[in-house]
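Note that the chains are named A, B, C and D in the order they appear, and that numbering of residues resets to 1 at the start of each chain.
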């Protein structure tokens, strides 16, 4: 079994939740996802801070990724301490107590045919 | 609140603004974006230099990203010292006085259905 | 001829095999691929561990990448020790005895028009 | 004007030139591109080696990127020492005498609507 892998501080400069979707069901709904991998043997306590263009940051949004688990977290579904507005530019910083790996994915289904994009996040 | 994160020199080797769009409105217009995150407590003064295949570079284009803010800057909308031509290969170097994180995104709506792509920029 | 390039430990936090496809034939079938490059002169023995949201990891899945070869391995086609379920969030850690380079690509053809995404994996 | 930025050894583990295109003209033809940025003051002499799944590597393919220029090179258009076959998995190593930045982009127009993907290459 692999050991822990990753870093404890990550950032994603891109962020945007399209308000529209043409797909049916959760799988094809437009979404913005932060994929978290905790390959180690200690549960990860993760705090996400969201940055905007014209207001102070929101957060921290808290997530737990148990040891040897992955969590694909949709920004759409974050509710506490506040929902993230749609059709709004944002960015995020992800901090964990143990090393994790972070990847950013968007599925955009505003038009009839979905499009997807992904990138590794920046690790500090 | 997270501390400053990132680097002060970044590069994006890809760059191309499609001249056509089929989407309606700014959100669905073809665009090439540089997403800048300044998670720190000092305003970022950013200078962007644009490189071409067959002429000397253009710039610097200047942008300010206030402390604890993100700016998703469309290359399409840069005007000073000169607009960036469409349908033309380019690349960019982004320099900041404080650490920032840079991500590159394109939305291409030349055809009926949009497509999106993104990547973390290269940090020096 | 280039020397070996890369790292021996990699991770991909994103992973999802769409169950549907509208394209015809293997080329256009929805797939999730891990691209492995072994530019060196020693054969690479690669072990992949798959992480899930709600169960213990699966694996190791074993692959061999001969010296000076690339292998574009579809997660869809991994069978031993078990197939990877579709429509399920996962992540992966890739370990090699010699340096390799790892890139992650998805082709999603659930709808009439395919979409593609790719990113460099995280190297430890 | 920025100084040289980048690395001298890069790798792209993904590579595939779709044989089909539905777009009209060079801009919308399916293509696989390696974007090279030479932000420095010395011309870059670049050598690309192509790796396959089942044969010895091809190359070096030679490209020159003048000082303060970018070159978006399509793998489709490489001819010497041999063309790169279509519908075939490959990977590449890019070596330069001076620091450059390398990004990988694909436009896939096999179906009616194009899709695009991009990623920073791996730097050694």
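In this section, contacts are C-beta pairs under 8 Å (C-beta built on N, C-alpha and C of every residue); 3 or more make two chains touch, one makes a residue touch a chain.
In UniProt terms the chains read A, B, C, D = Sensory rhodopsin transducer.
Worth saying up front: this structure is predicted, and the values here are computed from it rather than measured.
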item	value
Farthest chain (mean CA position) relative to chain C	B
Same-site or different-site touching of chain A by its copy chain C, using the half cut	different
C-D or B-C - the one linked by more C-beta pairs in contact	C-D
Whole-Å separation of chain centres (CA-atom averages), chain B against chain C	30
Chain C-chain D separation of Cα centroids, rounded to whole Å	21
In chain A, residues with contacts to at least two other chains	112-113, 115-120
Complex contact set, residues of chain B against chain A	1-2, 5-6, 23, 27-28, 33, 35-39, 68-72, 100-103, 105, 112-120, 123
Interfacial residue positions of chain D with respect to chain C in the complex	9, 11-16, 18, 49, 51-54, 56-57, 87, 89-91, 93, 95, 104, 106, 108, 110-113, 115-122, 124
In the complex with chain A, residue positions of chain D that touch it	113, 115, 117, 119
